[in-house]
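Heads up, the thing below is written out as structure tokens.
Chain lettering (A, B, C and D) follows the sequence in which the chains are written, and residue indices restart at 1 in each chain.
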Amino acid sequence: MPSTRYPRPSERDDFGRVLSFTDAVFAIAMTLLVVEIGVPETIEGARDDPAALLDAFADKGPLIFAFFLGCYAIGFYWAAHHRFMSWLTAVDRGFVILTVVYLSFVALLPFPIGVLGEFGQNPISVVAYAVNMGAVSGMETVLFRHARRRRLFREELPEGVYRWALGSSLLPVLAFALSVPVAFVQP
Amino acid sequence: MPSTRYPRPSERDDFGRVLSFTDAVFAIAMTLLVVEIGVPETIEGARDDPAALLDAFADKGPLIFAFFLGCYAIGFYWAAHHRFMSWLTAVDRGFVILTVVYLSFVALLPFPIGVLGEFGQNPISVVAYAVNMGAVSGMETVLFRHARRRRLFREELPEGVYRWALGSSLLPVLAFALSVPVAFVQP
Amino acid sequence: MPSTRYPRPSERDDFGRVLSFTDAVFAIAMTLLVVEIGVPETIEGARDDPAALLDAFADKGPLIFAFFLGCYAIGFYWAAHHRFMSWLTAVDRGFVILTVVYLSFVALLPFPIGVLGEFGQNPISVVAYAVNMGAVSGMETVLFRHARRRRLFREELPEGVYRWALGSSLLPVLAFALSVPVAFVQP
Amino acid sequence: MPSTRYPRPSERDDFGRVLSFTDAVFAIAMTLLVVEIGVPETIEGARDDPAALLDAFADKGPLIFAFFLGCYAIGFYWAAHHRFMSWLTAVDRGFVILTVVYLSFVALLPFPIGVLGEFGQNPISVVAYAVNMGAVSGMETVLFRHARRRRLFREELPEGVYRWALGSSLLPVLAFALSVPVAFVQP
């Protein structure tokens, strides 16, 4: 009868748990977006009328657009996190705690994305989305700076790379900040 | 007191994160399908009447059918991705980005599957399902071609295998495309 | 600048993906159960009246009971899968496909569990739960037999262990089958 | 053609599955919280009126507050579990079963957190949250004691550390217990 004791592998992977927890939060936030589209239960016309169902799909247009916008926002943040973590050689307790804060803003993203799908023509929905994206990007910067101060990077990053990475993490925030006045101007 | 620094294992597994993120998106898309069935809160008759609850289950028949259809569609796409990735020896940044696009179509699947459960007799629901399946299969092909061009396969695939794999990934699309006119013809 | 190519670790872990996909489906099925309880938006009485909120909780009693029943059913199936997989030395393509079928019944569990919470006094809700549990246990047996026929076990299991494991996987099905007539008799 | 048999890596990682199942439950519980906020479908005023959407956000204030409260409660429990597991050198069958019980209380957390968002001014909502937090903390203590009795720790923990860890896991329970009378006193 096999033993009922399950030993830890020789290489401890407490580092990997931070990745798997993060991956799960991103994957759920991205997949939950589909719930917001909502399956219609009735349509205007006979249930087997192709034109009536096509109309129902057309009404869902902004929600489907918001779904893809949200998928790519969340997906590309995940890809950025994947690249960032590939540079690290360790994490510490502070990094774990900051990751929880970072993930709280990622987990919130489906809310402004859903609002954008419902009220895309309302400038406040763009502002809410920009603020949430800004919080995620901001926490990315905090994680980056923490990793640099605690020497968690695999090798010393040259100053240029550091600035470039900081900039590219703040760029979407800037782009959204600029989009806010435009949203208000749009008639 | 144990250290609060968690080192990365000696073998870096940035490859594995692409798998774990993908696995989570597939698992959530598959498990979310059950929400679409919906637990009835009232039934036509006394709450403890077996016949009334059986009737309620019968009404759920198409939704339960769509649940299993969706489970196997998503599950077999996952199994295909599992086989495909077992042939790779590495991924690159482009592959990560394309994977996000691929997963956006996987995450969307619960929507047409839910529509199929509600409006199975409407040919447009079959079209919507076929279009979404086609997008997933199409992105599979894009990933396959990218992996081949960037030499990510473990060994050189013979031309025959390459064609066979491409064909088997496009076969479901073809099958669905053919099913669309049938759906319109069905009275 | 670090490379943008992420190599696969030297030990290929296609085995592990079957575990991580399974773990995610179980975890989501278990955690989704809480959605079925439902947060009340109004209560009978003032919103800050402790007695009124206590009454609302009391009304949720059967739903909370069903939540825990479902958590332990799903959790113990997961623990059984964990033990079973710890005996295997490999999986094959057939095992991957059968796992998808097995997981489709696991993913369905929140539906009969939700029905049991709403209609616990209706014998049909017990039957539906028993049928779903039976399907999961039955697929466990199918996986077990497949693993034995394809020699996926780490060592030859003695005949006694094989019978014991089969029996213990079918025991819950038997217990539920027996509970069905009892459910009908209960006034 | 590559083989269709996927061998288990040389180091068996049945330990790791307990971590990945736990990580997934925590991640889902945390990410599901956003569903409770709820995207408004209508607002009081024109759909493109910024002030009307701002009002709708203001109405969501308590729900957004509860979202962050819940994220940090669940996130910090996860961080505590991460630290705790980093001290272990193995788990056994009993630990697996106790983990399922522990996770059932984690999976329940979105319910009292949602109630707190809806009925924050009602002392019973604080009590329900405190009871659920207490159950999670209590199960943490049970896991800790089990690990100590079965010698699952990497090294012998000095008595002081043991007491400190027990205390710090019971501290939130005590804090919440103390907050309950305060909740009732608040007018």
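We take it that a residue touches a chain if its C-beta (ideal position, glycine included) is under 8 Å from a C-beta of that chain, and two chains touch if they have at least 3 such contacts.
What you see is a predicted model; the values in this text were computed from it and never measured.
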(request) Among the listed pairs B-D, A-C or B-C, choose the one whose interface is a repeat of C-D, with over half of the contact pairs the same by residue number. (result) B-C
(request) Go ahead and note the Å separation of the Cα centroids belonging to subunit A and subunit B. (result) 21
(request) Report the inter-chain centroid distance for subunit B and subunit D in whole angstrom, where each centroid is the mean of the CA atoms. (result) 29
(request) Could you list which residues of subunit B touch at least two other chains? (result) 4, 6, 12-14, 18, 20, 24, 28, 32, 35, 83, 86, 93, 96
(request) Indicate which of the five shapes (line, ring, star, complete, other) describes how the chains touch one another. (result) complete
(message) With touch defined as at the start, can you tell me which subunit C residues reach subunit D in the complex?
(response) 11-16, 18-20, 23-24, 26-28, 30-35, 37, 39-41, 43, 47-50, 53-54, 57, 64, 67-68, 71-72, 75-76, 78-79, 82-83, 85-86, 88-93, 96
(message) List the residues on subunit C that touch subunit A in their complex, please.
(response) 1-2, 4, 6, 24, 83, 86-87, 154, 161
(request) Write out the stretch or stretches of subunit D touching subunit C in their complex. (result) 4-14, 17-18, 20-21, 24-25, 28-29, 32, 35-36, 93, 96-97, 100-101, 103-104, 107-111, 114-115, 117-119, 121-125, 128, 184
